[in-house]
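Order as written gives the chain letters A, B and C; numbering starts at 1 within each chain.
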Amino acid sequence: MVGIISYGAYIPRYRIKIEEIARVWGANGTEISRGLGVYEKSLPDMDEDTITISVEAARAAMARRKIDPADIGAVYVGSESHPYAVKPSAVTVGEAIGATPVMTAADYEFACKAGTAAIQTSMGLVKSGMVTYSVAIGADIAQGEPGDALEYTAAAGGAAMIIGNDDPIAEISHTCSYTTDTPDFWRRENKPYPRHGGRFTGEPAYFKHVIGASKMMLEKMGTKPSDYTYAVFHQPNGKFPVQAASMLGFSMEQIKPGLAVTYLGNTYSGASMVGLSAVLDVAKPGERIFMTSYGSGAGSDSFDITVTDVIDSDLFSRDAAPKVSELLADKKLVDYAVYAKHKGKVVMME
Amino acid sequence: MREVAVIGVGCTKFGEKWETSFRNLFVQAGALALEDANISGEQIDEIFVGNMSAGRFVEQEHIGALIADYAGLATDNIPATRVEAACASGGLSFKQAYTAVASGMSDIVVAAGVEKMTDVGTEVTTDVLAAAADREWEGIAGVTFPGLYAMIATDYMNRFGLTREQLAQVAVKNHENGVMNPNAQFRKAITLDTVINSTLVADPLRLFDCSPVTDGAAAVILAPLDRAREFTDTPIKVLGVGQASSTLALHDRKDICTLDATVAAGNRAFQMAKVERKDIGFVEVHDCFTIAEICAIEDLGFCKKGEAGRLTEEGQTAIGGKIPINPSGGLKACGHPVGATGIKQVYETVKQLRGDAKGRQIDTEIGMTHNVGGTGATVVCHIFGRA
Amino acid sequence: MSVARFWRKQQNRYNLIGTHCTTCGRYFYPPRAFCPDCRREGKIVEFQAKGTGKVVTYTIIRSSSGNFKLLTPYVLAIIELDEGSRLTTHLICEIDQVYIGMPVKRVFRKLGEEGSSGAIFYGTKFVPA
């Protein structure tokens, strides 16, 4: 059955406190942190970007399992912050893991769900027998407009899922999606920062699609929330996923292991995938994972995943790459000035 | 091979020469050399000019032709050659000129060096100089020249216990000498404190450990020894010549703080000159950074590895000491117009051996020059003596 | 650096692909097409370095230019790979953290770019292991 052959995550070391951002804009940091359920967010080093993050995540996945790069037939990178508007991040990743030249590749964009869309494509290629392995990556160094609400949470990070048929560590029993044309959040070509619809991003956007896709999945699989050990929802802040879980009937215990946002922020295309990585870091054979991503614009991809014995077998080495908790713990705090320098928010001469 | 002597020398003042163009720097130096040799242009058979990077500093290549033209010698269709070996361009230009005369190909040959560095901003300068290192594998890693020599210093200090004060003394001593050199860029004495408290450039090297950016030119004239007295009463003979190469990148050296090209070039010069280290009255070494002088003293064989710091501290490398180093003030105080430095070293050596180095005179018959390209990928040494 | 010149050594920089002289056994990263010891007698093949090594010497660059201008102060180091060859690299760590002998491992980072509209150059740097 098609499933996850290996996985890996990467989070840059730098962090800024939400309180520090609030300080600069004269807002109440304590209130904002509490309201968002986010206390720190990550930012990239001066020489990191979506491509370097994607490569590190992909290499982490390769480190955990003996995979012949020649068997990788496809690489897809989903992001809102591809370094090039034209020249895919996927080819650099492919070259950096030794998969080139016999492979297909492309970059994806669908706001925060570009990575899970890549997982779905990978599943199709693998299930049809077109490729042996396909790598799906979601990674971002998200842009937040200075002084805007999203600046508190737009973060940097990503994860890679290698999809295949043979001895997966977790089988993907089913995937389904709920997609509409909804203008809740967008970024025009050549503009540096996205815009969003404020409160419109809640009920008609995030919740409609997350609940829509999740209900479809539960109905299709004939399952109840209690049938799952873990639930991962897209995490733009610490509140939405908790609310979605509650609305569907999932508990805090189920969502906590996959809730990385509290000290990470929203890694956009990386968000759900990093959450899934955090779950895979601790999951045991037989445990079932429910995941629903969300991307503005808008759409949700739902997945029903069951962990296999392979995760604890000799074929797989979870400790060969850093866990999400370890990546979160390895951190260096900076102030807003250094944050602005790293994020290119300081106006430079050409 | 004929014996060769230097019959005339000329050197411009070194410094930031806003009013003087690249070509006029050379013309000035050339004119001074011709006057010193009491020779006129038509008597010159050939010109060699050392220049590292006119292409990027003043967007000009084809330097041999340019120099011949502006020296007024193109009308005689003089053969003119530009020689490049990064910061050893001057020394190498002298060796080429020596070879032309020694072989009998030419009789009266000019060896010059010129560099105009200040027409571009410091960022461009840093990048231009980085081309003396390995662009492909050092440049792309974020090296700067001070950074490369700083890595040599870190390695040296870790293995031989060189102190910050000993290293600083190199700069203090060279500035002291520069006070007495009318052509030097810096003619003010400095203290150990000034050096030790100056801004960090690349740890452990600070601003005052580094030679500056400079404009300047120098020219010397060579002739076969058996004709030298037609032009001068004080011909200075070339006793020994040594040139050597080593790996371009510092990371490929067998021993990071030994410039093996210096060892080889020095030995070759000594072998040809048939003199010993103890016969040398002074050495003009390539102190692009203070640590470079420390290594040079040792790699040329004047003391054991690890000893040069103590030697400097004890004043043995000062003008009154056992082995005076850089009586001219070195690159540190004179300045370092890259292509010109090697010829300036010859200029100083000739002045010293003629007894014409007022205020910094050393009483000796034999002197030596040591010119390095990059972090030691090219080294050219010459030994001179009174004829 | 021009795109062609960078691209030519791209695989080497991304994946630490160097060369190995099977005649004398020496490993070269950066790669050499010609063994300096064996020269024409040397049989050269490709090899991929493991990506681990140790610091041989270092400095802290306080003033730089081009793509490294905004990274100061940064550690520049010569490291020796486990396979024996040495290379120069930006070592990403706190400036007071580095020491001679420190174990290091590879990471994938941006090396620079040709301005905001130019190509972006990627490659290998090192961090403490």
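Rule of thumb we're sticking to: a residue touches a chain if its C-beta (ideal position, glycine included) is under 8 Å from a C-beta of that chain, and two chains touch if they have at least 3 such contacts.
Note that this is a predicted model, so its numbers are computed, not measured.
J.: Quick check on the contact network: minimum steps from chain A to chain B?
T.: Each step joins two touching chains, and the minimum needed here is 2.
J.: What pair of chains is linked by the most C-beta contacts?
T.: Greatest number of C-beta pairs in contact occurs for B-C.
J.: If you average the Cα atoms of each chain, whose average lands nearest the overall Cα average?
T.: C
J.: Average the CA atoms of each chain to get its centre, and name the chain whose centre is farthest from that of chain B.
T.: The chain lying farthest from chain B is A.
J.: Centroid from C-alpha atoms only, then distance chain A to chain B, rounded to Å. What do you get?
T.: 59
J.: Between chain B and chain C, what is the separation of their C-alpha centroids in Å?
T.: So the centroids are 32 Å from each other.
J.: Two-or-more-chain contact residues of chain C, please, as numbers and ranges.
T.: 71, 90, 111
J.: In their shared complex, at which residues does chain C touch chain B?
T.: These residues of chain C touch chain B: 1, 5, 9, 13, 30, 56-69, 71, 74, 76-78, 86-90, 95, 100, 111-112, 121, 123.
J.: Considering only the defined contacts, which chain A positions touch chain C in the complex?
T.: Touch residues, chain A against chain C: 45-49, 51-52, 55-56, 59, 83-84, 92, 95-96, 98, 341, 350.
J.: Using the touch rule from the top, collect the residues of chain C that touch chain A in their complex.
T.: Touch list, chain C to chain A: 10-11, 14-15, 70-71, 90, 92, 107-111, 115-116, 120, 122, 125.
J.: Per the contact definition, I'd like the list of chain B residues that touch chain C in the complex.
T.: Answer in residue numbers: 122-124, 126-127, 134, 136-138, 140-144, 146-147, 150-155, 158, 199-205, 249-252, 256.
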